[in-house]
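In this document, chain identifiers A, B and C correspond to the written order of the chains, with residue numbering beginning at 1 in each.
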Amino acid sequence: MHMADALLTPAVAATMYVASGAVAGMSIHQLKKDDDPRKLPTMAVSAALVFAGQMINYTIPGTGSSGHMCGGMLLSALLGPQAGFLSMIVILAIQSLFFADGGLMALGANVWNMAFYGCFVGYYLIWRPIMRGGTNKAGQRTRIIVSSILGCVLTLQLGAFSVVLETSLSGITDLPLGAFCALMQPIHLAIGLVEGLITAAVLVFVYDSRPELLREVGAASGEGRRSLKATIAILAAVVLVVGGGLSLLASSNPDGLEWALFGNAEAGYSENMGLDEENFGVSSAAADKAGSIQEATSFLPDYAFSGSDSAAGTSVSGIVGSAMVAGAAVLICLGGGFFRKKHAQ
Amino acid sequence: MIEFQHVNFAYEPGRPVIADLSFRIEDGEAVGLIGANGAGKSTVMKLLLGLLQGEGKILVDGRPVNRDSLGEIRRKLGFVLQNSDNQMFMPTVYEDMMFAPLNYGLSREEAERRVDGVLERLGLTELKHRHNHRISGGEKRMAAIATILAMEPEAVLMDEPTSALDPYNRRIVINTIRSLPQTKLITSHDLDMILDTCQRVILMSKGEIVADGPAGVILRDRALLEAQRMELPLSLSGGQAGR
Amino acid sequence: MPLFSAYQRACPMNKMQKALRELGEMDDLAARQSPIHSLSPTAKLLTTIAYIAVVVSFGKYQLSGLIVMVLWPVLLFQISGIPVGLCFYKLRIVLPLVMAVGLFNPLFDRAPMLYLGSLPVSGGAFSMLTLMLKGVLCLMASFLLMATTPIDSLCASLRRLHVPGLLVTLLLLTYRYVGVMTEELAVMTDAYHLRAPGQRGIHVSAWGSFLGQLLLRSMDRAQELYGSMLLRGYHDHFHYALMKPFTVRDGAYAAGCIAAFLLLRLVPAARLLGSLFVR
C-alpha cells in the first residue's frame, strides 16, 4: 500500500502533502489545546511499537500465508485520532527514509491513504460510535472485534481506492481506472478482514488486561447510545457501499466510473482534483488551495515541454546521447574508485 | 541533605507501600538502600524525586518537595534509572548528555564543555557520537551515568546500577561510583557493590525500615539479612554464599 | 555445532533483526566523513526534494531526458564514498510495486514508438522503462540523503524549516524507540519460535497476547521515560544540540544543484549530445 515517488506527478504529490499537512496542523493544534505533556513519550513509544509490530507475521489459520496488523486503528484506539495520526506520520516517515518503503515525495499521499483514513475515519465513523454503546464486558469485547474489522475493511478500501486515484491522476499507468479498481479493491477487502481480526485480537487483550488504556471504552453515557445491532447495521451498510459497491461498479462499468471521475480527461483535470478532495471530506479551503497549487505547478507535467522531447522526438540521437551519458556515469564510477584507492594508500 | 519525616504512600487505599518512613541523609554520605523485591526501595526514590506524591514531609536541603520546589529539587538530584534505555531517549549519547544542561539554560558552548569534561573523566570520549541503540549494555550504563553527571547534581540517586553487567563493567561502574564526591543513595541487590561504595546501609522491608547503620555492621549480620531473604556479601562470607 | 544449527533452523535471522541491521548500516554510513556529509542537512534535504520533483515531472515517454538525471546520484555516490550495494538491496521494496503498476503499460499501449533495427519498441515499453528508472533514481536520492545525514541533524534542520516542533520531537523519540522495540520484538520472536518449531508465524491463539504483552510493558516504559525527561528539566520543548550552520558553501551547493536539475529538465541534453555525433 505504500506509494513510491515514481508513481506520482509533483502536482498530485503536492496536493496530497497539502491535504495531509492540513490535517496534521489541525491535530497538532488540538493536542496543544489538550496540553497533556505525558502524551509525547506515549506517542513515541506506541509509534515505535506499531512500527516493530507491523513486522510480525501472524499465521492465518487454514492458509499458508500470514497477515499483519493495522497500525492506524490500533493507535487511534490507544491515543485518540489526533495523536494516532501524528504517530502514523512519523512511522511512515521512518519507513520511507530508512527502509525505502514509500518515498519522500509520496509521503503526503501515504499519510493520507494510510494514516488519515485509519485514524480519523476509523475512529470517528467506526470506533467511537460502536464503543459508546457498550455496558458489560462481553458486549464490549464484541464491540471491539466488530469495530476493528469494520474499521480495517473500510479504511483499507478507502486507502486502496485513493492509491488507484492518485496513480491514475498522475497518468502513470495505462491500466483503465475501472480495471485498476477491480484489481485493488477485492484484494484489500481480504487484507482488511485479516488485519481487522489481528487488530481486534490485540485490542481485546489490552481490554482484558488494562481497559483504561483504550479510548471510549466504558464511556457509556445515557444520551446518544444506540444498540449494537443498529450501529453495526448502519456501518456495515456504509462499508458495503464504499468497498464492495465500488469494486462492483468498477468491474461492471469501468468506462462509466472513469468518465464520472475524470470527465473529459484533459479539460476536467484540475476540476476533478477538487471533486476528489470533496469526496474525502477535506474542507473546501484546502481543496481550493490544492486547486491553485495544481494550476501553479501544472507546467511540470508532460504537456508543457511537448516540443522539446516529445514521443516522436525519441530519435536515434536520443539513444546515442543516452548511451554517452551512461558511459560517462560508468567512467565517473571507475575514476572515483581509482581516486579513492589511491587516496587510501 | 535529604530527610523523610513520617512518609506514607499507597497505590491503592488500604495497601501501604511505604509506611511511616523516617530517615535523614547528610551531605556527602553514601547510603545503600537494600531490601527484598517489593520492599519499597524504588518507591522511596520516586517519592524523593516528586514522581509520586505521598503523605508526610520530604525535605531536600530543608525545602519540602512540592509543586513549587520541584524544579529546583530535581536539578539538585540526579537519578540513574535501572533501565538505561528508558533514560537515554535521544538518538546519540551526545544529544542525551546535552539534554539536561540545555534545558537548564546553559549556552551550547558551556554545555558542550561540560559534556566533554564528564566524558573525559569517565574515559568515555569515544562514545560521544555513538548511537544509543548500538552500544553495549556496559557502555550504555556508563553513558547513562554520564548523562546524569552532566547535570552536575548535588546528589546522585541510582537504581540497581550494576544489574545485568559483566564483572569487568560492574567493576568500572563501582569505581566510578566511588570516585563521585556527591551525596549518594543507591538501591541494589548487589550487596558486595553496596559494601564497596556505601558507608551506611538502610534495610527496608514492606515499606518500613528494619535496620539503619554502618554498612560494615548490617552487611555482616547474617541472621538479619537472611530474615529479609538476602545473603551475606560474598566478600564477607569467606567465599561461601549463604549456608 | 548441531545445537547451534538447530537454533539457526528454528530462528533464521528474523524480519526485525534484518530491520535492525539495516538501521545500523544507515547509522554507520551517516557517521562517516566526506564533503557531502559535511554539508548542511537543510541544503541536502532541499536538493533531494528538488531532484525527486524534477525526476517525477518527466513525461512518461521522456526516457532520454530522464537518463541524464542519473549523473547526479552517481556523482554523489562517488564524492561521498557511500557504497551503492545497500541502496540496491532496498530496491527490492520499491521495484516490485513500481513494476506491478508499470507492467500493464506494454499491454495497453502497443503503438510502436521507435524501431531498433527492425524491432519495434512500443510506447508501453518506453513508459514502463521510464517508470522503473524514475523509481530507481528517487530511491537513490533519498537513500543518499539518509546515508550522509544523521537523523538528529536532519531533525534539527526540519525544525529550522519550521516543521512543527511536536512532530520533529516525535520523530526523534520514535526513531530512538524503534531501535529498542524492534530489538525486544526480535528476541520475543526468537523465543516464540524456539518453543513453536515449524510454525512460520504467530499462531492464532497468541495473536492478541504476543504484541499485547509488549504493548502493556511499553505503556509503563512511556511513563518511566516521561519521568526521566522531567527529571532532566524537560519543559514542553526540546533543544537540538547538533545545529550545523547554513553556510555560503551550503547555499552554493543547493542553488547549483537545483539550477542544474532545472536546466536538465528544460534542455534535452542527451539528444543534443547525441546529435553532435550522429548526422
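The definition used in the following text is that a contact is a pair of C-beta atoms (placed from the backbone, for glycine too) under 8 Å apart; a residue touches a chain by one contact, two chains touch by 3 or more.
This is a predicted model, so every value here is computed, not measured.
K.L.:
Apart from subunit B, how do the chains cluster through contacts, with nothing moved?
P.N.:
one piece
K.L.:
What chain is the most remote from subunit A, judged by the mean position of CA atoms in each chain?
P.N.:
Here the answer is chain B, farthest from subunit A.
K.L.:
Return the chain label for which the distance between chain Cα mean and whole-protein Cα mean is smallest.
P.N.:
Given all protein C-alpha atoms shown, the central chain works out to be C.
K.L.:
Return the distance between the CA-based centres of subunit A and subunit C, expressed in whole Å.
P.N.:
So the centre of subunit A lies 18 Å away from the centre of subunit C.
K.L.:
What whole-Å value do you get for the distance between subunit A and subunit B if each is reduced to the mean of its CA atoms?
P.N.:
Centre-to-centre distance between subunit A and subunit B: 46 Å.
K.L.:
Would you kindly tell me how far, in whole Å, the mean C-alpha position of subunit C lies from that of subunit B?
P.N.:
Centres of subunit B and subunit C (C-alpha means) sit 41 Å apart.
K.L.:
Do you know which subunit C residues sit against two or more other chains?
P.N.:
Where subunit C meets two or more other chains at a single residue, that happens at 173, 175-177, 180, 221, 225, 229, 234.
K.L.:
Counting only residues that touch at least 2 other chains, which ones in subunit B make the list?
P.N.:
Touching at least two other chains: 89.
K.L.:
Could you check subunit A for residues that touch two or more other chains and list them?
P.N.:
Residues 41, 44 of subunit A touch two or more partner chains.
K.L.:
Which residues of subunit C touch subunit A in their complex?
P.N.:
Those residues of subunit C that touch subunit A are 15-16, 19, 22-23, 26, 48-49, 52-53, 55-65, 67-68, 70-71, 74-75, 77-79, 81, 90-91, 93-94, 97-98, 101-102, 104-105, 107-109, 113-114, 123-124, 126-127, 131-132, 134-135, 138-139, 141-143, 145-146, 164, 166-167, 169-171, 173-178, 180-182, 184-185, 189, 199-204, 207-216, 218-219, 221-223, 225-226, 229, 234, 236, 265-275, 277-279.
K.L.:
Residues of subunit B touching subunit C in their complex?
P.N.:
Residue positions touching the partner: 46, 49, 51, 71, 74-75, 77-79, 81, 83, 85-92, 94-95, 98-100, 102-104, 108, 111, 129, 131-134, 147, 151.
K.L.:
Which of the residues in subunit C end up touching subunit B in this complex?
P.N.:
For subunit C paired with subunit B, touching residues are 24, 27, 31, 150-152, 172-173, 175-177, 179-180, 183, 221, 224-225, 227-235, 239-243.
K.L.:
Taking the complex as given, what residues does subunit A use to touch subunit C?
P.N.:
2-10, 13, 24-25, 28, 31-32, 37-38, 40-49, 51-53, 55-61, 64, 66, 69, 78, 86-87, 89-91, 93-94, 96-101, 103-105, 167, 171-176, 197-198, 201-206, 209-210, 213, 300-302, 305, 308-311, 313-326, 328-329, 332-333, 335-336, 340
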